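Two complexes are shown next, each including subunit A; its partner changes from subunit B in the first to subunit C in the second.
For the complex of A and B:
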């Protein structure tokens, strides 16, 4: 415990969170909104990093798990009028089931083949939403009757606190004994099994945790936006953005994913005056970081420390 | 050893097929506590498959593997590991971001999703193990900063951490220096003292002879000999498998070949694989029109030497080709310069027909030349003419090898490098291949550099022979002298 209190990283994290909490006093409502979305994206990216960075599973379709949670919660809210917490639990549960389903092929397939399955899963879900348009709103999307809050500050604080909790859980997990075992299974599953670890069990657990948090964050995002649509939570480009955020921040760092998400979404917003060029510039920047700092922003800083 | 005590590991009638290939056929052996068994065989003999079957990495088709009375055949790897079998892999992939100590701690963790914090005793245990295997001084460093031998120690440490009753060690001494070999032998001997049963898997008896109580030799999936290291080395079947039968030689007079500057001149070439010394100050030369054989057991460094010549792996030292240095030239440039490499893995285009493979080889030739070349090759390997329309992957092993050689010859090489063409081939096929090489040597002025483990195959054609052992050239001479000087010491 004393070791924990002396950890420099802990104090840095605490200061960052405090700065984050004070943001409503010095930031415009507009940027609070951008950050709110960025925080949910941060959770998406952290959950993705647990699967890719630690368990070594290349999930090209993070939005499959997010979408299940988002639409699960939205539909229950719109159709049955259930209160938000119940809807969120339901969405998380649906996403968890999706995670288990996705974990099944992951037991047999690795690398590109598994990646293809995750891509197909997203496309299938997208088609399902279009086909069952009477419940899901199809391509236009659906509005939900309930929202978390209409106040920008409250919404911002919800997102921040949620992200911090997810960050503590995921980062703690990554530094725990389980994180070590997961990293070993991701690096060489045969060697991990030869050390007596049930690789399937650990991989399944990683999928469940990643799915539950992605789904919950997806649901929260829906109740923040007041709507669920393919463009906001399912489209492949959203998935790509999450992956870029995670790699940009630094693979296998968990917290780097948050930094990546915030940098990416803020840049997207700040460069808006560039018009069409906006996306191009952001993508080029991300590409440059990945090319020149393959460890990502946070990863690069940490490794610089290690080298000394 | 203590006769009478029940064996700790007992394997009976173990078999494994991969499609039509029988990789392991009716293998059985016993290892008692405190005993070391060596499992040897050339590449493709099935010894690695046996190890995988024991560890549950592959499932056997039939047979029993009983560990202290419990049949564990077909169990998943993690259960076998928990039941008491540990493995030391040849290639280690430690966690790079964690320290050596953390890597050892990993092996001490329980397989549980609920234990987030490791038991405090784990730390002490990990330190004790690190010290025991000689990693005490470096336990807080990251594996990437360690020399090769220390990475192997780390693998030993991880296997030890599980306190296994049976330890499987894959190629225990590959890539180690003499001093390190002695040190590792002591560590493995320590396993015996502690009453563990040890299985050492290696290419040859020589490497493990000093350490083992008994040796089992395999070839093409079958048990061919068992007994003390000495007996197995003297066993006629083993000698035939490793060296072929009676050694013949047909060296041509040296004078006509040795005149002038060599076509290929390799001087003091060294190659490092990561941190392992795969080739150490090797010097060989080949004159125009000469047939030179480099013999050595699997793992001696033959493939590495050829890869260095072809520019596939970076090397130190100097390689001269027709007087000019090859350094800095790409693989393609070297190949266009006339050095054509026919690799051990054959690298055929499996989904193309025999004819398409050959045409691809002769792609750069004018149509007329290509036709003559093709006709000549069909004369050399008549079987390929009959198989023209067949997919390369459906050919038998011997036919594939002939196709690989033929395709290399389509490139009209000045120097043909043949890497272990006999790999995994049955004796009958060897004879056909041997005849083809003989015709090749007699009818063309071609220059050949042949790498072989099978001495009987390599010697008849050779004008000169080099012996490669543990990354170094240890002998050079004509094939006639080989039988007298190296015949017994080779294995």
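For the complex of A and C:
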């Protein structure tokens, strides 16, 4: 039974990766660009799912961690002219510190209280960026001198490989003992503690991993776009998109988050003719999924397989 | 002189915040629901009220009344379309209801905001003042409308206090916030109690939206901000505590006004946000919250 389930997931993932690798041969550069962004969003959504789905922490501010990584890398690149890998490591490190800072209240607070703190963190960061506009470019944003590549296919493959590696790490983690303990603490932290598991340690680990990957992906996105701005990596609407992607794909599945992100960003592109109503349709669709298929797209598929 | 100005402006804005936040905390106290579409409901009331008053060229009172009804209807829609299905769902485990309601009302709020944006654009609109004219208090010129809004807020808050503490229906609300299961065992229909809570909530959010449109103006882009401010006020004061929300609203309102007048208008929300972070770290249950 579990073997079948396992092979089914593996099978889905393998097909997705193969189709993804072949995309440069049959997709236009424009859609490659859309997918490149979608893959970075996939990493954001997977990292979010680790906190929400497994550790049970409502993080309304995924963009806090992403923004720290993105702006950390961008500022080091623009101000000190460091090469991209150094900047990415620096951004990841800054984001890691942010993750620990967020984990501190998470040790004491649950549910909505923690959600509010994460929301406030994003707002405060947004204000800080506007106040220190001489370094951060303020509301307009800043351009970075270095980019990953100017070739659409290369950029696409960077994003795909990065996402696959993050996917393997996070999925592997979620299936390991650590993932199970994390899930237990998310569902009932008192009982998990009573069973002898160190709730605080596991929760802190989840925050660090989620923060590091979010920050790294944020940095990569900046060097793909060649710019960092509030609208692309920090705004609350970006955070909402990540949440929608993750819930749409199916919480507590990790890989579902990737599917959610791709579906969401493609839908966003394809529904562009609708103009403003595009967000309305996407949100309504996500709401319908939550109400009727609370396990999300992938979760629903897998559960259907379980019942057979 | 500037002190008096801060006192007057702060009073009006704080009273408005209080009105917006009380309904939010009431729903949480009674049914444990945090409605992240809160700003959206205020927005519907304000924009429809403005639209009616402006298009049919009727008095702002009639427009406001229509807006309040629209707020009530959208509160019911929120309850029946979004919240109740999740509360009754069998596929969603009970311990995840809270998370699902947060996510679902967040999406619902976005739908409202985008829908209103589509219908009315995101240009800020201002309702004609309910009471035109300016009076001078010890040399500070203040619009009469501003004073009246502050007073109106307190009238509505007072009426709600009477309703909750002095009527039978209100006492069932209080009982439901203490122990819904015991109330059910005593033979009260819980879903009716919830419906009453949502009715009061819809009216309060509607009045707050209409008054906001008349005082500061409103734009569909501001829905998220309205939700965030109600959310922070309520957490600052203590989730579920009505008195706490009043205190929270005044702290936030005055802090913002003082910052805007004495430091810089652009930094307006920052001290309140920092205070919120400190309070939540030190005293997670809020200033007057119970655990």
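One rule holds for everything that comes next: the second predicted complex is superposed on the first by the 300 of 308 C-alpha atoms of A that agree within 3 Å, B and C clash if a C-alpha of one lies under 4 Å from a C-alpha of the other, contacts with A are read in each partner's own complex, and residues count from 1 in each chain.
The rule is simple: contacts are C-beta pairs under 8 Å (C-beta built on N, C-alpha and C of every residue); 3 or more make two chains touch, one makes a residue touch a chain.
Just so it is clear, the structure is predicted and the values come from calculations on it, not from any experiment.
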Clash-or-fit label for the pair subunit B, subunit C on subunit A: clash
Subunit B versus subunit C as contact partner of A:188, first or second or both or neither: both
A:108 touches, of subunit B and subunit C: first, second, both or neither? second
First (subunit B), second (subunit C), both or neither touched by A:52: second
Touching partner for A:202 - first (subunit B), second (subunit C), both, neither: first
Subunit C versus subunit B, contacts on subunit A by residue: C
Touched partner set for A:13, first subunit B, second subunit C, both or neither: neither
Which superposed partner A:267 touches (first subunit B, second subunit C, both, neither): neither
Partner chain in contact with A:236 - subunit B first, subunit C second, else both or neither: second
Which of subunit B and subunit C A:23 touches, first, second, both or neither: neither
Intersection of the subunit A residues that touch subunit B with those that touch subunit C: 187-188
Interfacial residue positions of subunit B with respect to subunit A in the complex: 55-57, 76-78, 81-82, 86-87, 89, 93, 95, 97-98, 102, 105-107, 109, 111, 113, 115-118, 142, 158, 161-162
Touching residues (chain side subunit A, partner subunit C) in the complex: 52, 56, 58, 104-105, 108-109, 111-113, 115-117, 119-120, 123-124, 127, 130-131, 187-188, 236, 240, 243-244, 247, 276-277, 279-280, 283-284, 286-287, 290-291, 294-295
Residues on subunit C engaged by subunit A in the complex (per definition of touch): 34, 82, 85-86, 89, 91-92, 95, 98-100, 102-104, 106-108, 110-111, 114-115, 117-118, 224, 228, 231-232, 235, 239, 266-267, 269-270, 273-274, 276-277, 280-281, 284
Subunit B contact footprint on subunit A (complex, rising order): 172-173, 176-178, 180-181, 183-184, 187-188, 190-191, 193-199, 201-202, 205, 252, 306
